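Shared between the two complexes below is chain A, which has chain B as its partner in the first and chain C in the second.
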Partner chain A sequence: MIERGRISSGQMALILFAGISTTGTLVSPNMTGWYAGRDLWLSVLWASLYGFVAVGLAFRLHRIYPGENIIQYSPRILGTFPGKALGLLFLVSYLVLVGITLREYAEFVKGIFLPQTPMTVIVGSMMLVSAFAVKGGVEVIVRVTQALLPAALLIFLVTLCLTVQSWDVQHLFPILEKGIGPSLKGSMVPGIWFSEFFVITFLLPLLADPSKGLRRGLIAVTSVALLFLYINLICLFVFGMEYLVMVYPLFEATRYISYAQFFEHLDAIMLMLWMTGIFIKLCLVHYVVVLGTSQWLNLSDYQPYSLPMAFLAAGLSLWVVPSSQELYRAISTIFPFSFPGTNVLIPLLLWLIAEWRNRGLQKGEVVQ
Partner chain B sequence: MSIFRGIRKKKRKKEIISQGIDGWGSQLNSSLDADFEENRRIFRDLFTDCYDVIFHPFRVGEQVQAELIYIQNMSNVEEINENVLTPLMEKKVDPRDFQTILERRLPISSAKPVSTFSEGAQALTMGNALLLIKGVAGALDLSVNKWEKRGITEPENEPVIRGPKEGFIESVRINTTLIRRRLRTPQLKLKSLHLGRYTHTEVIVAYMEDIVHPDLLEEVIRRLERIDIDGVIDSGYIEGFIEDHPFSPFPQVLTTEKTDVVTAELLEGRIAILVDGSPVVLVVPITLTTMLQAAEDYYSRYIPATMIRSLRYLMFLVSIALPSFYVATTTFHQEAIPTEQLISFAAAREQIPVPSLVEALLMEFAFEALREAGLRLPRIIGSAVTIVGALVIGEAAVSAGLVSAPMVIVVAATGIASFTIPRYALGLPMRALRFPLLILSGTLGIVGMLLGLFAIVVHLCTLSSFGVPYLSPLAPWQKRDLKDVLWRAPWWKMDRRPQELSPSNLRREAPDQKPGPAQGGDRRDSK
Partner chain C sequence: MTRKGIRPIHCLILLPLLLVGCWDRQELNHLAIISALGIEQAQDGKITVFTQEITPRTLKGGGMGATSEGGGGGKTLLRSETGETVPDALFKLQKKVGRRLFWGHTMLVVFGERAVRQGIQPQIDFLIRHPQMRLRANVFISEDPGAILGIQAPVESTAARTIRNMVDLRRRKAMDINQLAQMMAGDAQTAIIPYIQPVDKTIPYIHGSAILKKGKWVGKLNQEITEGVLWHRNEMKNGVISLKIPEGRRDMGIRVVNSQVDMIPKIEQGEWRMTVRIHAEDDIEVNETDLSMRNPRFVRMVEEAAEKEIYTLAQKMLQKVQHDLKADILGFAETFHRRYPREWEQVKDRWDQVFPRVKVKVQVKVDVERVGMTNRPAGLPMEKVKKK
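For the complex of A and B:
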């Protein structure tokens, strides 16, 4: 195996939690709301099913092919050519995910903090640091997560609690005004993030304690669901249905915080918190792309390709959508199908085929 | 096999170098001649033009020719006179071999036969005396060394209010005694190595058997034995050779002059490297958090110690990021500053012709220059620098409109923050990294500053010191070891050693030692 580093299941859960939730907290409430209205918090509950299924599938597949990820076992399940094609599909989809994440970050930073700075600089500088981290290997990435996340998460949660002075719990009602339909429809948007949990397939083979993998993975899904629930409720409590006109409702909500004429204007603090999360997400997904590509091409090492792939990802973030409007349109129309499609539906089919091909074999044996 | 190719290449290189350096080796490495005259001649040859080497011919038992060689002022002449020359020059002595002389005649506690010239030369340069006797093969190395040393003082760089004030000195012999006096057990091992082709510096590896991880010990010895250099003047030379990551600005070896610090680290399973001629002792492996712990944390009560420690962590961040944060907020994120404050900042910056980035760089540069000047100057002129610095930077620069008053405050606060870092070596990378971070935050605002900090964190995460991750127990988490990082646990709670260092001998104290009425001793109970 070309990755020699080992991580613990707790580290895996932490990096999954940070890597998946961050961009979701930034942009998902608004777009969920387009479909779900004031029931957006219910959508999160439905969407979390994607996460549980994705983690379960990755774990099942890993149990059949221990020590391998989807890039490695798909040729063994489907045969060389279709398997490699499927691997390529996954790599491209994760590369696109890096691009989208970068673009979301760049739109946020450019739109609010650095309107005059060229997009290339914002994207390039961030990607450079991520590539530096990925070059260090998986152990470095999880350590960076452990070093940065606890403080950032604590400040984030406390800051969100401080919006309590502008809460109006009445905005919650009526629940299920138009039946269950809107919230189900709305669940497609957070579903994008929950289906991303399938990246766990790249982390499971690296675990030092594989027996705890499934449990910790499910804990990660649950905590992301709770976090999404929390932020969606805050958006609703603070703004009522008005959050629909804001691109970053959670960020706007924190702007209302003002205590003692000193503790106010927390924009810069919020930027730091989101940047921390986005950085971790980029590290995770970029690592997956770099590692997967090297495995797909049967290379002997992956670290040297971190920087070249980073250039590709930075370029992709500029091409992937022409403007921020298009980005959010894509998130609310295209990605709800493409992400669960690649990350839940395809693994499900893959698992069924694997089970069918390995039927009647002893435990531990697999068809080559 | 490709892994081994690198090693073999290096070895070959080493051989070439060794031929280059050691010109006088062939003669030295030969063993002592049986012929007394020949031995005498060679030793005189070796030490020609060394005025301090004394060759003292005499006769043993009034008959047999003999010679005593020693170095003036390095050997104790009184001891030589009383315990060597006087007993040997008596009439009755019959010198057949060194063993009998040693056993019966020489009242010297430490002496050993020497067989080669290089051993003899080394013994001499250590201050020992060498005894040659006609008709007896070889020579005798008599340990009579005595030289001037500095007294034991309180280390000036690591002052404490409460706690031992004893510091190491330049003599490694004294230093090992200082440690041995604190750890009175045969399990304190002191392994001796000699490094440096010309200096033959004594290097002592100190560790606690049973506590230290055997792999770690082996690795330390291996890295030390690899060193091949003409001279070792200070432990800094050794540090440069045994680091894991030579290209990192961060120190990966703990340096201290305090005996109590070394003792405590040995008890935690670390290894100390003492170098003769240097009062600075190296301790490996270390983590970033050990560098932020002061010895005093463990001597004062745990609640104030915890508070002071968290203050230190905060100051550690401030020392690297405060100027950048100020530049980023005043240049890019004015909305983050409360309005009244912003107005006064703006008023102060009104007259300043340069952007705040340039202002900050200028001030930081001046501050660093001042600090270096204060350090290098003789003490007597030092106060002049302080006055000039206070006047120029504090007063004149502001009234002349070169820098704004808030910037002076920021730079001063950063300076104070950097002084709270208990290890001087850790303050240095903080000072150096402040400048690139300033430029980043002056160009990209908070985003740039944060990217710079991310890069530093990533770098710290890749670092390790003798295999121990630099940021542990924070990253990767070691739940049990966090008790000595996030807070300073009371002594009755710190019942385990750091996990990475001593997995086999984890417990360091008996359980249930929490004091209080439940432990008995409450006077009301005893009545």
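For the complex of A and C:
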């Protein structure tokens, strides 16, 4: 075990919540709406199933191979070569996720706040801090989350409530106008974020109280589902079907807040909150990549590789897509298949194979 | 030197590299803060833009309005430029301004009448696409946007601020970019934009409105009809109605404190019907009659007169909007769509023809909630007051 740090299940839930919901609140409503239209909030409910299944699978697999994550037990389930290949697939997909997260953040900041600043600077500075946090180990990451998240989340939720002045609940109707189809199609987009919950496989072995792992994990999924539901409803209530033309509808909705000609222009606050969340997300996923790579290569330590991997991720974020349009096209067409594929379907097969290979064995025994 | 000693030196050498940064620094004294934008159609398909720029020099005078006079130039500066499109014109304008145009505080967008006749969909696209522009900016139509933006507000810092205050005072949702875009892209594809005119060089006046269909002008409403539409759109939260009371044979002024409109759609045997229920709460502002308001019968009389007044206004408005202009700015399309999604699906492409044939029934209910500080006609001898 090259990670010596231990975290509590509550800390795990917190970092999963922040790490998964942040980018979703920024970009998912627009793309969900592209398919689901007025029923985008229903899509979230369908998509949350991915999250529950992913957490359940990670927990089941962890119960068969306690103290190990997918990188470690996949060679034991599939045999060395296919198992290592699968591990590599996971590492690459998470490295791409780091790159995509960075790019989403950079497109947002560059598009609205810093149009003249080179992308490398925006990406590089954010990645650098995240890499330093990861270098400190898992305990540093959860402590940072604990320090930053509660205040940020509180301000975020209060700001969202302030949009109530422009709500028009009538925009909700008619529900299911074209049947259940569009909302199911739309659920592919939030499904990307919910399937990311499988990163819990890297956190479960680090728990000081593993018995509460499943419950807290499911609580995290539920909270993300509720938050997504809430933000999608806000976008719909404030802009009606016009949210479809906005790339960042939630950001526009908070910018639309105006009380007494005085309490307005909240965009800078929102940027601050999103930066906090993106930082936590980058820490989480980058940590997973660094730790996983070290375990995949059977290295004795993972911390020295944080900075080199960060360079790789920053580079990846610049060339993973050529433009912001391509980024959003990828999120609405490619990722809805690739993410649930790697994070839900493959673990499901893995679990079935593991159960089959370990059939008839006593509790605690596993096939090597 | 030890390894530890070298590190700080490395940092010192690398730090100056950061000095090339700050690409997006925005110093207040390098910004031209635009408080209002005007867009008008020019010759040969070109677009003229007007900007109202806050001149910081005079605002430095501690917000005391008096400093603006005499110092040469007012508190705001009107500029204009013509180009192929709005961004093109603004780019040309930028070349004439030493400071970077800043749109974060733009509260007002005024479209010229000719621009609206040509269609404003491209302009709405520009306004929503622009990263700095606020969707909260109020939208107006004017015969001369330049004159509106050139207004030197005597009390407020800018004319845009004055107009924003006027909008807030009316307690109604004035059209802003978000609402306009929603209406234009909505089921009926219509919009209503208030008119604004300069009364003189210091006073803007919101009066009447223009109706748009598919982003283009279809007609103009006078103030009376506009108020009828506002009643209907549930945006009439403040207003004064003058009534003739038959028994008192004199006038009475009541103030609308609150109103609530409900639309109940119904489709029966292929006939589209709409029941519009208006419920208003009023206060009595002036009582020129000799009727004592302690008598509930007289209060009911006032309510009935008010109901009749509002009903007549609604009918006039429907005649103009539904039958003359045939533009559904009343939200009928959305209401039917919500209640009857299947039937809506069949008519949505020819809503223009269906809308004028919708049978509208108006029901008005007025409650006088308060009568003011006196319940008898004040200044009238007791024996002259009609109590029963």
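We adopt the following convention: the second predicted complex is superposed on the first by the 367 of 368 C-alpha atoms of A that agree within 3 Å, B and C clash if a C-alpha of one lies under 4 Å from a C-alpha of the other, contacts with A are read in each partner's own complex, and residues count from 1 in each chain.
The rule is short, and it goes like this: a contact is a pair of C-beta atoms (placed from the backbone, for glycine too) under 8 Å apart; a residue touches a chain by one contact, two chains touch by 3 or more.
Keep in mind that this is a model prediction, so the values were computed, not measured.
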item: Touching partner for A:170 - first (chain B), second (chain C), both, neither; value: second
item: First (chain B), second (chain C), both or neither touched by A:6; value: neither
item: Touching partner for A:271 - first (chain B), second (chain C), both, neither; value: first
item: Which of chain B and chain C A:256 touches, first, second, both or neither; value: second
item: Which of chain B and chain C A:212 touches, first, second, both or neither; value: neither
item: Partner chain in contact with A:113 - chain B first, chain C second, else both or neither; value: both
item: Partner chain(s) touched by A:147 [first = chain B, second = chain C, both, neither]; value: first
item: Which of chain B and chain C A:126 touches, first, second, both or neither; value: first
item: Per-residue touch tally on chain A - higher for chain B or for chain C; value: B
item: Which of chain B and chain C A:241 touches, first, second, both or neither; value: second
item: Contacts on chain A seen with chain B and repeated with chain C across the two complexes; value: 113-114, 117, 121, 261, 264-265
item: Residues of chain C that touch chain A when the two form their complex; value: 21, 23-24, 104, 128, 131, 134-136, 164-165, 168, 178, 181-182, 185-186, 334, 337-339, 341
item: Residues of chain A that touch chain C when the two form their complex; value: 111-118, 121, 166, 170, 173-174, 177, 238-242, 245-246, 252, 255-256, 258, 261, 264-265
item: Contact set on chain A toward chain B in their complex; value: 8, 10-11, 109, 113-114, 117, 121-122, 125-126, 129, 132-133, 136, 139-140, 142-148, 261-262, 264-269, 271-272, 275-276, 279
item: Touch list for chain B against partner chain A, complex; value: 328-329, 332-333, 335-338, 444-448, 450-451, 454-455, 457-458, 460-462, 469, 471, 474-477
